[in-house]
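The following blocks contain the structures, represented as C-alpha cells.
Common to both upcoming complexes is subunit A, partnered first by subunit B, then by subunit C.
The block that comes next holds the complex of A and B.
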C-alpha cells in the first residue's frame, strides 16, 4: 500500500510540475491571469505531494517493508531506527526523491513569499523552477523509482524489480526478503550522515531560486534590480546550506574515512565546492549591481554559472562518471543529467547573449577609481572564478581531455591542487582584508593606507609572537599573514562601529555591538562570515603545513615515543559485536605528554564483513588533535600497527565553520524579524518614475 | 584477522630485500602519498587498503630496501602502469597541459577584469541612479501607462 501511495504522489507531483511550467508561460504570453494562477497553484502542490511520497518511503523504511526494492537495498533487520531514517538518502533512488522534496520546498517557499512583490517575474520564474523540478521528478519516476517492488515468477523462480506487477509474477514474502536484505552502506553509518547530505542538497537545490528569477528577468525583459532584490536572501540561504554541507562533509571524512584529513581534493568533493566558489562570487558581485547598477551581464553570468555548476556537480556525484568514495550513487541517470545540464546552460547563455546584444544590460555608472570597492569586488570575482577554473580543470578537465585526445589517463591529485590553489587563496584573503576598507565609487590611496595601518600592525605583532613561540616556515608565515590581516580588518571594523555608538550614544559595549549588527545586518553579518573564513584559514594552514604523520607498531603494554612531546602506550585490545552486526576491534591507548598521562583514546576497526572501517581515536584540544588510527593487529603476538597524526589547529576548521554559519544567519535574517529599533534608518528609495 | 594475514604475507615477501636495508613505514608513506591506487580511482595509494595497494606498497618497500631512490621508484611504476599512478603527470606535455590551463584561466580572468575597468572608464553613465528599490526601464509599458494617466 505504501508503494502505491508513494507512486501516485510522485506521479501527481510530476504532472503538477510539468503543468505549472507549461501553463505559467502560456498564461504570461497570452496575458491570462487565471492560467498563471493555476500554474502557481500546481507548483505549490508539488511540495505536499512530494512530502507524501517521502513520508510513504520513510514509513516503509521504518516498518521494514522489504518488498519495496529500495528498503531491501539500504536496510536489513539489524539496522537501528536512526539509520533507517538516514537510509532515506542512503542510496541513489531515495536521495533523488529527497532531493526533489527539498527543491520543491525551496520553489514553494519562493513562490509563496515573492508572489506579491515580484508578480511580473513570477510566470517565468515558476516555469524555470518547475522545469528543473520536473526533470528531477522525472528521473526519479522513470529511471530511479524508489517504489519499485520485488516480484518473482512462481514457476521459473525469476526475480525482478518493477513498479507494477508483471504478468504471472507474485510478491515474495517480507520474511524471505528480510533474510537477504543488504543493509546500509557502512560508510554512511555515522551521525554526520544524518545532516551532511540534507544540508548539501539544500545548498544545491536552493540555487534554483536565484537561477529561476534571473532567467525570468532575461525572458521577461524586466532587467532592473528586481530579480536581485528578490533573490539575494534566497542565494544567501542556499549558500549557507552549501557551506554547512561542505563543513559537515569534511567532518564526516575526518571521522569516518580514516585518512587523517578532512579534504582530499576528491573530484566529487570538488564538484560540491565549485558552486560554492561561483556562488560566493555572485553574492559579492551582486552588491555592485544593487549599489551602483554595474556588472549586470556578469551577475547574470554568475547566477547561471552557479546553477550550471550545481547541475554539473549533481551529474558528477550521481552518474558514477568519476570514481570516488561517493560512487555509491552510480546509475543510469548520467546521460539524461548531462543533457539537462547542457540544455539549461545553453538556454541561459542564449537568453543572456540576446539581452546583451539588445543593449539592455548596460551599466548605469562609470568606473571611478582603481581602489574603489567595485574594482576590488571585480578582482575578488576574478580570484573566485580562477579558483573554480583551476579546480574544475584538475578534477574533470585534464583527466577527460588527456584520455579523449591523448589516449592517456591521468589523475591530478593533492600535489596539483596544493600547487595551484594556495596563491589564489592568498589573493582571496588579501582582497578580503582590503575590500571592506574601500568605499563605493572611489577611495584615496592614502585613506585606504591609513585604514590598513592598525590591522597591519596587529598582524605583524601576531606573526612576531607566533614566530617566537612556534615552529614557522616562510609559506606558513605568508599564509598566516594574509589570513590574520583579513581577520583583523573585520575585527577592527566591528570595534570601530561599536566604539562610535559607545561614544555617541553612551551605550555599553555589548549593547553597542548588538545594535550595530541589528542595524546593518548585511555589513556586519558579512564581517562575521569573513571572521569565520579567517578562522577556517588558520585551521587549514596549521593542519596542512604542520601536520605530523607516522606509522608505528607497538607491543601490548609498551610505550612508544612519537615525538619530543608525545608518547603512546598500548594498553588493551577487546573484540565485541555491535547491535547492527558489525564486529568491533577496539584498542585502548594512553597518550602521554612529557611523561604525563593526558588522555585515553580508543581507535578501532569496524568489520562489516564486506568492508572494514578504521575509526580514529582522537584527543582534541584547541592547539591540535592527537589522532590515531588502528591499521591492523595481531592478538597472539600482542602487536598492533597504528597510524598517528598530530593535526595542529584542525579544530579551528570546525569552529570557523560555526562562526561562518552564524554570520550568514545574521546577514540573511529577514529584517521583519529584527526589532524595529535595531533597523538602520532607511533613505526613501527614489524610483526613476519619481525622479521623472 | 584476515587483513593482518594479508599484510603479514605481503611483508614476508619483502624479507629478503629488507635484509639489505631496513625501511620504515614512514619512508613508504612518503612515496605512496603522491601516488594513486590502480583500482580505486582518485584514492591516494597511501590511504587505500585494498590488496592491490598493499602489494604496491610492499613493492615500494622492497625497492627502497634495494637502494632505489623515490624518482626511480616512481619512474618504474609510471613505465609499467602509466601516468595515472602519480598525482601530477611526469610526462612534459601532460605536465604542461595540467598547469597551462589553470594559468591561462587566471590570465583570462584578469584580462576580463581589466576589460571591465576599461569599459567602465569609457562608458558614460546612464541618467538613472541605481537603487535597491524597483527601477523602471525607459521602454517599460507600465511606466508609459502610468505617465499617460498622470498627464
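The block that comes next holds the complex of A and C.
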C-alpha cells in the first residue's frame, strides 16, 4: 500500500511540476492571469505531494517493508530506528526523492514569500524552478524509483525490481526478504552523515531560487535590481546550508574515513566546493549592483554559473562516473544529468547574451579608483573564480582534456592543489582584510593605510608571540599573517562601531554591540562570517603544515613515547557486539603529556563482516587533536599497531564553521523579525531616486 | 501587486571617455592582464608539478623512461601474492597488465589476474593498513615510483572491485521461498 501511495504522489508531483512550468510561461505570454495563478497553485502542490511520497517511504523504512526494493537495500532487521530514518538518504533512490522534496520546499517558500512583491517576475521564475524540479522528479520516477518492489517468477525463479507486477510474477513474503536485506552502508552510520547530506542538498537545491529569478529577469526584461532584492536572502540561505554541508562532510571524513584529515581534494568534494566558491563571489558582487548599478552582466553570469556548478556537482556525485568515497554507485542518471546541465547552462547563456547585445545590461557607473570598494570586490570575484577554475581544471578539466586529445589520462594529484590554491587563498584573505576598509567610488591610499595600521600592528604582535611560543615556518608565518590581518580588521571594525555608540549614546558595551548588529545586520553579519573564515583558516594552516603522523606498535601495558611532549600507554583490549550486529574490537589507551595522564581514548575496529572500519579515538583541545587509529592487533602476542596523528588547531575548523553560520544567520535574518528599535533609519535607496 | 520601483534604463546613456578615464582604463587593463597572467602561470606550473600519467603495467615494465618518475598506473591484483606484515605496516602484492580488448572490466580483470603470460609488476607500500578491497581480481590504481629493483613503490592505492558495482538481489532467498 505504501508503495502505491508513494508512486501516486510522485507521479502527481511530476505532472504538477510539468503543468506549472508550461502553464506559467503560456499564461505570461498570453497575459492570462488565471493560467498563471493555476501554474502557481500547481507548483505549490508539488511540496505536499512530495511530502506524502517521502513520508510513505519513511514509514516503509520504519515498518520494515522489505518488499520495497529501496528498504531492502538500505536496512535490515538489525538496523536501529535512528538509522532507519537516515537511510532515507542513504542511497541514490531515496536521496533523489529527498532532494526533490527539499527543492520543492525552496520553490514553494519562494513563491509563497515573493508572490506579491515580485509579481512581474514570478511566472518565469516558477517556470524555471519547476522545469528543474520536474527534471529531478522525472529522474526519480523513471530511472531511480524508490517505490519499486521485488517480484519473482514462481516457475523460473527469476527476480526483478518493478513498480508494477510483471505478468506471471509474484511478491515474495516480507520475512524471506528480511533475511537477505542489505543493511545501511557502514560508512553512513555516523552522526555527520545524519545531517551532512540534507544540509548539502539544501545548499545545492537552494540555488534554484536565485537561478529562477535571474532567468525570469532575463526572460521578462525586468532587468532592474528587483531580481537581486528578491533573491539575496535566498542566496544567503542556500550558501549557509552549503557551507554547513561542506563543514559536516569534512567532519564525517575526519571521524569515519580514518586518514587523519578532513579534506582530500577528492573530485566529489571539489564538485561540492565549486558552487560554494562561485556562490560566494555572487554574494559579494551583488552588493555592487545594488549600491552602484554595476556588474549587471557579471552578476547574471555568476548566478548562472553557481546553478550550473550545482548541476555539475550533482552529476559528479550521483552518476558514479567519478570514483570517490563520497559518490553513489554507478547509475543510469549520468547521461540525463549531463544533458540537463548542458541545456540549462545553454539557455542561461543564450538569454544573457541576447539581453547584453540589446544593451539592456549596461552599467550605470565606471570603475573609479584602483582602491575603491567596487574594484576590490571585483578582485575578490576574480580570486574566487580563479579558485573555481583551478579546482575544476585539477579535478575534471585536465583528466578529460588529456583523455580526449592526448590519448592518455593525466590526473592531477594533491601536489597540484597544494601548489595552486594557497596563493589564491592568501590573496582572498588579503582582500578580506582590505576591502571592508575601502569606500565606494574611490578611496585615498593614505586613508586606507591609516585604517590598516591598528590591525597590522595587532597582527605583527600576534605573529611575534606565536614565533616565540611555537615552531614556525616561513609559509606558516605568511599564512597566519594574512589570516590574522583579515580577522583583526573585522574585529577592529566591530569594536569601533560599538565604541561610537558607547560614546555617542552612553550605551553599555554589550548593548552597543547588539544594537550595532541589529541596525546593520548585513555589514556586521558579514564581519562575523569573515571571522568564521579566519578561524577556519587558522585551523587549516595549523593542521596542514604542522600535522605529525607516526605508526607505532605497542605491547599491552607498555608506554610508548610519541614526541617530546606526548606518550601513549596501551591499557586494554576488549571485544564486544553492537546492537546492529557489528563486532567491536576496542583498545583502551592512556595519553600522557609530560608524564601526566591527561585522557583515556578508545580507538577501535568495527567489523561488519563484509568490511572493517577504523574508528579513531581522539583527545580534542583547542590547541590540537591527539587522534589515534587502531590499525591491527595480535591478541596472543599482546601487541597492537596504532597510527597516531597530532593535528594542531584542527578544532578551529569546526569552531570557525559555527561562527560562519552564526554570521550568516545574522546577515540573512528577516528584517521584519528584528525588533523595531534596532532598525537603522531608512535611507532612500539610490535606485529609487532614479525613479522616473 | 506588481512593485513599480523601476529604475531609469541606462540604455543610451553614452559619455565620450575623457583622457583621465582612458588612462584609468589602461591601468585596469594592465592590472587585469597581470593578475590573469599570474593565475594562468600558477595553474600551468601546478599542472606540470602535479601531473600523473595514467599508465598500464605494459607501459611501465622495462621502460627506463619511467624509472624514478611519479606515475599513476592500473593493474589487476593477483590474490595469492598479497602479503601483509601487520606489525610493520608493510604491504606487498603483484599486479598484472589489464588487456584492453575486453569491454567488460570484470572479464578483463579476471583474464589479467589468471593469465600467467601477462606482464606482472610487484608493488610495495609501507606504513599502511591493509585495504578492505585488496583481493584477487580487484583493479588497483596506484600512484608512486618505479624503483631500479623493478618494484613499484606506491604512495597511494585506490581499489575498485567490479562486483561492488553490481546491483545486489535477494537471489537465493527467493528461490528458497519458491522451493518451500
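Just so it is clear, the second predicted complex is superposed on the first by the 683 of 692 C-alpha atoms of A that agree within 3 Å, B and C clash if a C-alpha of one lies under 4 Å from a C-alpha of the other, contacts with A are read in each partner's own complex, and residues count from 1 in each chain.
Operating definition for what follows: contacts are C-beta pairs under 8 Å (C-beta built on N, C-alpha and C of every residue); 3 or more make two chains touch, one makes a residue touch a chain.
Small disclaimer: the values here were computed from a predicted structure and weren't measured.
Undergrad: Will subunit C clash with subunit B on subunit A after the two structures are superposed, or do they fit?
TA: Superposition result for subunit B and subunit C: clash.
Undergrad: I'd like to know which partner A:424 touches here: subunit B for first, subunit C for second, both or neither.
TA: The answer is both, since A:424 touches subunit B and subunit C.
Undergrad: Considering only touches as defined above, state whether A:635 meets subunit B (first), subunit C (second), both or neither.
TA: Touch status of A:635: first partner only.
Undergrad: Using the superposition on chain A described above, determine whether A:551 touches subunit B (first), subunit C (second), both, or neither.
TA: Both subunit B and subunit C are touched by A:551.
Undergrad: Would you check which partner chain A:298 touches, where first means subunit B only, second means subunit C only, and both and neither mean what they say?
TA: Touch status of A:298: first partner only.
Undergrad: Would you sort A:398 into first (subunit B), second (subunit C), both or neither based on which partner it touches?
TA: both
Undergrad: Have a look at where A:410 lands relative to subunit B and subunit C in the superposition and call it first, second, both or neither.
TA: both
Undergrad: Mind working out whether A:382 is in touch with subunit B, subunit C, both or neither, as first, second, both or neither?
TA: both
Undergrad: Which of the two partners, first being subunit B and second being subunit C, lies in contact with A:264: first, second, both, or neither?
TA: first
Undergrad: Of the partners subunit B and subunit C, which touch A:182 in the superposed model: first, second, both, neither?
TA: Touch partner of A:182: subunit C, not subunit B.
Undergrad: In the superposed model, only one of 77-85, 95-103, 113-121 or 167-175 in subunit C has C-alpha atoms clashing with subunit B. Which one?
TA: Once both complexes are placed on chain A, subunit C clashes with subunit B in 77-85.
Undergrad: By the touch definition above, which subunit A residues appear in both interfaces, subunit B in one complex and subunit C in the other?
TA: Subunit A residues touching both partners: 224-226, 258, 293, 323, 360, 362-364, 366-367, 370, 375, 379, 382, 386, 389-390, 393-394, 398, 408-416, 419-420, 424, 551, 612, 614, 632, 634, 641, 687-688, 691-692.
Undergrad: What does subunit C use to touch subunit A in their complex?
TA: Touch residues, subunit C against subunit A: 1-3, 5-13, 21, 24, 27-28, 31, 35, 39, 42-43, 45-47, 49-55, 70, 72, 86-89, 127, 129-130, 132, 143, 156, 158, 160, 164-165, 168-178.
Undergrad: For a test of understanding, state which residues of subunit A touch subunit B in their complex under the given definition.
TA: These residues of subunit A touch subunit B: 221-226, 229, 257-259, 264, 266-267, 289-295, 298, 322-325, 360, 362-367, 370, 374-375, 378-379, 381-383, 385-386, 389-390, 393-394, 397-398, 401-402, 406, 408-416, 419-420, 424, 549-552, 612, 614, 632-635, 641, 685-689, 691-692.
Undergrad: Across the complex, what residues on subunit A touch subunit C?
TA: 72-73, 116-120, 150, 152, 154, 157, 159, 172-173, 176-177, 179-180, 182, 224-226, 258, 293, 320, 323, 329-330, 359-360, 362-364, 366-368, 370, 375, 379, 382, 386, 389-390, 393-394, 398, 408-417, 419-420, 423-424, 551, 553, 611-612, 614, 629, 631-632, 634, 639, 641, 643, 687-688, 690-692
Undergrad: Taking the complex as given, what residues does subunit B use to touch subunit A?
TA: Per the stated touch rule, the residues are 1, 3-4, 7-8, 24-26, 29, 33-34, 36, 40-44, 46-47, 49, 82-84, 86-89, 91, 93-94, 97-99, 101-102, 105-106, 109-110, 112-113, 116-126, 128-137, 143, 146-147.
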